[in-house]
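You will see two complexes here that share chain A, one where it goes with chain B and one where it goes with chain C.
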Partner chain A sequence: MTVERIEKVFLILAGAMLVVFLLALFYSAFGMGMHLPDREGEIVPTEVRNTPPFDNPGVREVEPGRYEVVVLGRAWAFEPDEIRVPAGAEIDFISTATDVIHGFHVEGTRMNAMLIPGQITRMTYVFDEPGEHLIICHEFCGLGHHLMYGRVIVE
Partner chain B sequence: MTASGAPVSFGGTDRDQARHERLSRIWAPPPGVLGFFTAVNHRAVGLRFMVTAFVFFLLAGALAVAMRLQLTLPLLEVLSAEAYNQAFTMHGSVMMFLFVVPFVEGLAIYLVPLMIGAREMAFPRLNAFGYWVFLVAGISLFVAYLSGGAPDSGWYNYPPLTSRAFRPGTGIDFWVTMITFLEVSALVAAVEIVVTILKHRAPGLTLSRLPIFVWAMLATALMIIFAMPALVLTSLMLGLDRWTGTHFFNAAGGGDPFLWQHLFWFFGHPDVYIMLLPAIGVVSMIIPAFVRRALAGYTLVVVSIVIIALLSFGVWVHHMYTVGLAMVGLNFFAAASMMITIPSAIQIFAWITTIWNGRMERISTPMLYALGFIVLFIMGGITGIMIAAVPFNWQVHDTHFIVAHFHYTLIGGVVFPIFAAIYFWFPKFTGRMLDDRLGRWQFWLFVIGFNVTFLLMHVTGLEGMPRRVYTYFPGLGWDVWNVISTVGALVMGLSVLILLWNVVQSWRSGAAAGPDPWGAESLEWATTSPPANYNFLDVPIVRSRSPLWSVGPGSKQGALDDSEARPPWLDELAETPEPLRENIVTSVLTAEPEGRVVLPGPSPWPFWLAMALSVAFLGAVWTLLLVPVGLALAFVALVGWHWPARSGRRPEEHEAATEEAPTDSAPDATEDEGER
Partner chain C sequence: MNTSTSVVQRPEGFRLPEGQLRVIRWMVYLGFFALAIGIVNGLGQALNYARVDILQYFPGMRNYYQGLTVHGVVNAIVFIFAFANGFLALTTARALDRPLKTGLLWASFGAMVAGFLLAGFAMGSGQASVLYTFYPPLQAHWSFYLGLALLVVSTWILAVTLFLGLAAWRKEHPGARIPLMAFISVATYAMWVLASLGIAVEVVGLLLPWSLGLMDHSDPLLSRSLFWYSGHALVYFWLLPAYLSWYIMVPKHADGKLFSDSLTRVVFLMFLALSIPTGFHHQYTDPGIGTGMKALHAFLTFGVFFPSMVTAFSVMYALEIGGRRRGGTGLVDWFFKLDWKNPALVAQLLAMLTFTLGGITGLINASYNLNQVVHNTTWIPGHFHMTVGSAVTLSFMGIAYWLVPYLTQRRLVGQGMALVSSWVYTAGVLIMARGLISGGLDGMPRRTLVMEAPYEKPSWELAGMLSGFGGTLMFVGSALFFAVLAGTILMGRKVEEPMDLPFTETVRGPADHGWEVHLDRFRYWIVATIILIVIAYGPFLAQYLPGHFTSPPYRFF
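Presenting the complex of A and B:
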């Protein structure tokens, strides 16, 4: 079987790309420790407001340089809808939904999760620079879905 | 729907004339209005599927234009928020469930028996039943608009948004029952297609000579059989949650909304390939006809179709990257999603090679659409690889980028081939050509409109515009793109209207087509256009992959020869001793003749059974009491269905066993196989 030269070049290039991509995938998962939103635990959706920490949504400093943000998604707003955090600090977002499935996408970051009733989702992120990010609900949640916005203000 | 008195286009001896008249009588469609409801012939049913599905396509397209108008400018009020939510739910549901799948099933029901040289599908009454179910389910979904609002929670209907607590109206009930009901129709059609392909091929049409479209439909039908039950099950569970208070998806009661997502996408992603594989089959038939060369890499294309069918069951989680799953699992699904591009690429290279090696004498509309398909499908495939990667997917999850991606795969990858199929086989369906000049206009308007609409959605998506928002605020950087997108949608709408005009006009007064206007290679072009009631006067014998090209392109000699090489027992096998509808039965792998089977003729029961089941399914929307009533009526219909034929003979008694048929000597007599 004769393989044309240009064909060989293409095959080698494609093979090399495949290897590079796979390596990048493994490096990001294991080397850089990039994690998806974790399924942190379960919660009774009707009892969310009486269950700590969701009885008191907001930003807390758990230890110096480390913050915890408790966020609730409900039809059709985030609680709190304005989150102020310092730049450079490690921030844990702990979230769930009270009624139906909502989305939690912080624009310009890799934070994107579904808020599912009955499930607690945890994401960790460090904002390197001050600025403002939009929080978008990307999971269709009914009539007011398009009004469901929030903001993360990094100071 | 067929010209019963059409002159025979081949043979023409007195004997042929006598057989033609006899077979025409046996296979004649039932007359009159009543006949319309009792017809079971595969061509009638297939055509009905396609026409009805096309009407649903027009309705869902109108909804799409309304949505685009609403999104033209920020804070516009063309539709109310309720109407918008209903529109995108109905648009998705109707396009997926009522247009694409039924249309390709109709295409297969019409074409598969012709492509494999059979006179009818394996179970004609089941076929008709499937159509009536589809019709009722489709109409009912629109009736929901009159009954307090259409479903409005997206075509994927995630609970708990769709639970009784958040959606008290009947909209979701309609969706749940009608989708369940509709899948009954898809399932019976799938069973039918599988059995027909495996058991009713013309002698010599071995599996390795099967036209690619038939291969694709075989894989599709098998996928339907495995994927659709998941949807039936899960929508039934949602129905129970809503009507009887079970807690399958209710987290407060110990259920899990997650379960829905798994079950739904276990159906949902194979469904994408259920739509795509027939399209691949269509294109693989059209390109060889236009470049005058058999498809390159036939075996590889078949293998890749089968691989796609298998892999498609391992990718569903890529719809759920953001819900919080273990990384290992996600990597598996990401890898499977990327792997599926390999067989797709094999097919693309097979088409390109075929075109490269061939000789394109003319480019008519079907070929334009096939070429457009290749380009747009590659574009949709490339964004598909992008979003198979978890980190990227994360960024664009549920943005307009996804909308752009799947419209490239579903319009570029499925609707383009469907339009190509309409232009390609319309002459076979009606005996008339579609106007090619109008077709070219329609094609270019459609290509331009499509790209203007959806290419820009990649941009708005990357800019963060979420899906399924009824409106948006100005100043987010999305304004200009949305105006242009809407203009593109209107151009597409205009193009579809031109197609509609072309179909209506050509059906009435198009140029006569003749049996084989394209000089194509497969068996359906060996008979008249539209085919005679009995499809083929002689049972064809197939000796190659391109039966009509065996002697040379355009020649009919290879397939339906009446030369000495034709074994005499074959005609005995094909000759009907009694005036009954019969199909020849052949072996699964090598298509060696095994006998013949008597098929039922026109029957009122498929219609009645479908109506009885409609009472049960539709009744569930209002009161569960109607379910037993409907089932009781269905029982009556089934008794009627299974009542022995009036002649007192069970059809099986006519079945002739001719085990030694494949040898070249004539079988002595038609031995009865006895009762089964």
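Presenting the complex of A and C:
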């Protein structure tokens, strides 16, 4: 197979571009700590309300400057649907779905994950600025899907 | 060195028996019929974001999500499967210079029709508003799952038909290189057969018995993972028939030549190997899948971007050869010297231009944690309407401008209208994508009846208007396309002299000795593909199986 010089140059540049992008991604993940949801363990969806910590949804300060927010997704609401947290604190969101698959997107942030029945979703985030963000269910979960939302109020 | 530079066994005329052309014609018609249904629903989806409700006027349409399910299933599955079945059966038979088994082609067509009717009944009666991804534990009527299974079976029957055709050809031509056009067609179906196993196991093994009450519970994460094992490769099953046209037919329309036979084969083998082990990039934001596996799939997804970069080069090079032959000079002048009056070429040139944006936005989606900025926002449909919604659909329309005249032995009616159609459609998709992408970056959710949501952001208004306006233009463009199609089939002037498919020659043909001969040994490449799949999915399955079947069914629609 003969490869023209101009073709070779193009292919090397294309490959190099992909390598640079990948390096940037791995730096942002491991250097800057921007992680995707990981394995956090399983739960029986019909038993969610009897299983800690999901038996008591809400915001808790676990130690000074660190908060735990337990959120349930169900058709068609988040519980709780209003979450108040302080700016600058480390917030641990722990969440799951009680019935069907839901989405959990705190708009304006990279807090974007799926709530899947049987699986626990955990994300950690620090809100730098006070303000208000919508929590949007962005996965189709039935006829009332578009009614499902909540708010994060950063104080 | 082989001196043949043809992409088919016998370049001079060849025509399939009329009986075989008939079944291929019906497959292509079925595909475009499905497209028409899907596009009407698509208009309703686009206008939703502009807060205009037209779905209420659709007969039998109960709600937005029912329309969205129909739009996805008939456009992304029925349209593409039926068209690919017809088109690639034709390219394979033509390239091998021998008819395929007509009975098998009819069986494939029959399975497609049965699947379409069953799934259509389930969706039309409102018992399957689960969208085209049908994630459990939302449970559709069993006829929906059975219909989907039959649609996949239809592609399998077609794949068997192609493989048998190739085997028979090999027996007649021992040691010869597979004609390039047949190589591409068979590689595409080989990839899809391996890829569709995930969806087959999910639908036949899990969801169908579950919907019939034989199983009480589903495992949502396992089902999602099986779906996306097939789901990303499905994207390539949409794309590769368009690539076939870009490599083989477009250079001919452009008076150019494809440069390298071997590089083209390498590209399609890379698609075979890398299309499947990349599915977790649709599940970056899922819990229950380790970040290590997600990172591996990110890496492989960047890998499958590479053959598309090669394609960009090869196809552009072929076009440049054509443009310069037509008197083009300078750095870009040749591009404007192409035949901008040929509707088949223009549709596909515009498809390629749109696809550069579709490809780049796709790379952003694939970018691991960057995906969290866009996941399940309208950015995603913004992206894929520039890939499947235009690169593929517009290319298939462009192909139809020569394929339907070929299949019917009639002249194309309304060449000017066909040109206008492509430009309007392209303008529409760019405007709609601009709206969806900007809205998505500001959190506007996809798959959501936004016009009735109790929440909104100010910036969504402009984004929604652009989506609605662009979607309307796409609808107008496709209406013009269907007018051309109907006019040609019903009123096109009969052509007496035999027609042939447009196919290019290569500058550098296939070698008849050396390492390149091994490119044709599909069995090696299939084994390599399976090894990659085991590496990409084995660790997850080993740790996850036998699964967690704990979710009861819900019918929230």
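The rule we apply is simple: the second predicted complex is superposed on the first by the 135 of 155 C-alpha atoms of A that agree within 3 Å, B and C clash if a C-alpha of one lies under 4 Å from a C-alpha of the other, contacts with A are read in each partner's own complex, and residues count from 1 in each chain.
FYI, a residue touches a chain if its C-beta (ideal position, glycine included) is under 8 Å from a C-beta of that chain, and two chains touch if they have at least 3 such contacts.
What you see is a predicted model; the values in this text were computed from it and never measured.
Trainee: Applying the document's definition of touch, where does A:Phe10 land relative to chain B and chain C: first, second, both, or neither?
Mentor: second
Trainee: By the touch definition at the top of the document, which applies to A:Gln119: first (chain B), second (chain C), both, or neither?
Mentor: A:Gln119: touches chain B and chain C.
Trainee: In the overlaid three-chain picture, which partner chain does A:Leu143 touch, first (chain B) or second (chain C), both, or neither?
Mentor: In the superposition, A:Leu143 touches chain B and chain C alike.
Trainee: Quick one: chain B or chain C, who's touching more of chain A?
Mentor: Chain A has more residues touched by C than by the other partner.
Trainee: Report, in rising order, the residues of chain A that make contact with chain B in one complex and with chain C in the other.
Mentor: Shared contact residues on chain A (touching chain B in one complex, chain C in the other): 25, 28-29, 34-39, 42, 44-46, 75, 99-101, 103, 105, 107, 110, 112-114, 116-119, 121, 134, 136-146.
Trainee: Which positions of chain C touch chain A when the two form their complex?
Mentor: 63, 65, 68, 129-131, 135, 137-138, 219-221, 224, 259-260, 262-263, 266, 283-291, 294-295, 298-299, 302-303, 305-306, 309-310, 313, 317, 363, 367-373, 375-377, 442-443, 445-450, 452-455, 457, 508, 511, 516, 548, 550-552, 554, 556-557
Trainee: Touching chain C in the complex: which residues of chain A?
Mentor: Listed in rising order, the residues are 1-4, 7, 10-11, 14-15, 18, 21-22, 25-26, 28-29, 34-40, 42, 44-46, 75, 99-101, 103, 105, 107-108, 110-122, 134, 136-147, 149.
Trainee: What part of chain A is in contact with chain B in the complex they form?
Mentor: Touching chain B: residues 25, 28-29, 34-39, 42, 44-46, 75, 99-101, 103, 105, 107, 110, 112-114, 116-119, 121, 134, 136-146 of chain A.
Trainee: What part of chain B is in contact with chain A in the complex they form?
Mentor: Per the stated touch rule, the residues are 81-82, 85, 153-154, 158, 160-161, 166, 251-252, 256-258, 320-325, 327, 330-331, 334, 389-391, 394-395, 397-399, 464, 466-472.
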